[in-house]
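Step one of this worksheet: look at the structure below.
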Amino acid sequence: MTDNVHGQSMTIKRSVDEVYEIAARDGFALLDTAIDENRLKAMLEDDGAGAFVCFEGRVRNHNNATQVERLTYYGYEDLALNQGRAIIAEAKERFEILHAVAIHRIGALEIGDVAVWVGVVSAHRYPSFDACRWILDTIKADIPVWKQEYYDNADSKWLSNNG
Amino acid sequence: MTDNVHGQSMTIKRSVDEVYEIAARDGFALLDTAIDENRLKAMLEDDGAGAFVCFEGRVRNHNNATQVERLTYYGYEDLALNQGRAIIAEAKERFEILHAVAIHRIGALEIGDVAVWVGVVSAHRYPSFDACRWILDTIKADIPVWKQEYYDNADSKWLSNNG
Amino acid sequence: MNSDTTMNITILYFASLADEANCQTETVHVDTSTSLTELYEQLRQKHHFSQPQQQLRVAINDYFAHWTDTIHDGDSVAFITPVAGG
Amino acid sequence: MNSDTTMNITILYFASLADEANCQTETVHVDTSTSLTELYEQLRQKHHFSQPQQQLRVAINDYFAHWTDTIHDGDSVAFITPVAGG
């Protein structure tokens, strides 16, 4: 298992500024550096918003009983952007929300790093909770991102959200 | 309607540092200045946390069809702290979460100001969503905080979460 | 001030009750057998509170209490109008 | 390279399929009537992919597609193993 067959899916073709422009415009982007939560929150400023709900998915130190050292996320950038744009558009139709922004990070992440961030604003509180959870679930189901866990015994394996 | 009969319930008896100490210890506090989200998030750091969900309740520019200029929140500090401690303890029994912290602001707030902040961390995502929503709902139902809305015609009225 | 048959109770007022009482707190001297519902009824008549007791909750010494709980000399009591946090 | 009866398709590989194919991308020259399921079957035999087609999704030109969709000369195709984001 060599990294060269995944090199292209560990990094983003676009610049960081382009990534945040896409997030602001389409509501979803893929990023290969640390997620700047403040930059995303700034996209959700709205005087009509009484509720803001956000989710951060962080790399944790265990998966079931196994100690995790680090994780590497791989993504299919262009498909992810097309699918992410559709997810956010559908969320805005399904829920009474004002805006939603989500970003997924790829590349090598350490324990505690944020892998995915989803933020939603709405006039009232329940649509933000519902939309945030739905967007996260749909990202996990449909966005072409894969991850490999690395353990302290130097093993690694591909993970699946379906098992 | 004069402010002097509410002066005591617009400010906190404790210092800001004491307030954050109480939030860290009991999971709930009442504050009369801007909520420092980073200080609260720092209380929720945990290598076992795969999920962080937070809610911000912000003052919005309208309530139903009426334009709102500003809001003033009043609180019964000692009852709020006792009740808040019980709410967070109950949340930790009801949901598979690692930590939860909530803070409610009182005093005069402007449009966009954060009135309430709730943050929860858990190993997996659903308990954080469920606990965050439950804590917020329970704060809204049980924490002795009241609010008056001020309109551009200089009127004001007491609001109720029950109608 | 208090004898075996009377007690001092500190009343705390918030929100619309503070408006109607025109104060934040007062100390009342009542019979030791006074129940919380009787106490509220006395104060409702004194201050012309618009809300019936059924719409209120009650707290004793900074904890929510039941209307059937007994009060003792030196207790503080607050009548809690519907809250509106969040 | 391509005639009226053949087409060039760019295949993109990710995750375990990239491991098994030992590459990220390749261009294949196939008959114009080739379906997506036939295309995967040819590549599965070539690279000894462990996953049956039923476990995979498919994308054409960076959009998810149906296995019954037709492909055309110049298309890029990706077979998507179960994702694991979040």
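Order as written gives the chain letters A, B, C and D; numbering starts at 1 within each chain.
Everything below uses one rule, namely that contacts are C-beta pairs under 8 Å (C-beta built on N, C-alpha and C of every residue); 3 or more make two chains touch, one makes a residue touch a chain.
As the structure is a computational prediction, the values presented were derived from the model and not from experiment.
A.B. asks: State the smallest step count from chain C to chain D, taking one step as a move to a touching chain.
C.D. replies: Minimum step count, chain C to chain D: 3.
A.B. asks: Compare the CA centroid of chain C with every other chain's and tell me the farthest one.
C.D. replies: Ranked by distance of C-alpha centres from chain C, the top chain is D.
A.B. asks: Report the inter-centroid distance (CA atoms only) between chain A and chain C in whole Å.
C.D. replies: Distance between chain centres, rounded to whole Å: 52 Å.
A.B. asks: Indicate the whole-number Å distance between the mean C-alpha point of chain A and the mean C-alpha point of chain B.
C.D. replies: Roughly 27 Å, centre to centre.
A.B. asks: Cα centroid separation between chain B and chain C, in whole Å?
C.D. replies: 26
A.B. asks: For chain D, write out the residues touching at least two other chains, lowest number first.
C.D. replies: In chain D, residues 86 touch at least two other chains, as defined above.
A.B. asks: Multi-chain contacts only, two chains or more: what residues does chain A have there?
C.D. replies: Within chain A, residues 57, 125, 136 contact more than one other chain.
A.B. asks: Output every touching chain pair, sorted by label.
C.D. replies: After working through each pair, the chains in contact turn out to be A-B, A-D, B-C.
A.B. asks: Within their complex, state which residues of chain B touch chain C.
C.D. replies: Residues 1, 5-9, 57, 73-76, 78-79, 81-83, 104, 115-116, 136, 139-147, 158-162.
A.B. asks: Per the contact definition, I'd like the list of chain C residues that touch chain B in the complex.
C.D. replies: Per the touch definition, chain C meets chain B at residues 12-16, 18-19, 21-25, 59, 62-64, 78, 80-86.
A.B. asks: Under the stated contact criterion, what part of chain A meets chain B in this complex?
C.D. replies: Touch list, chain A to chain B: 45, 47-62, 111-112, 123, 125-126, 128-129, 132-133, 136.
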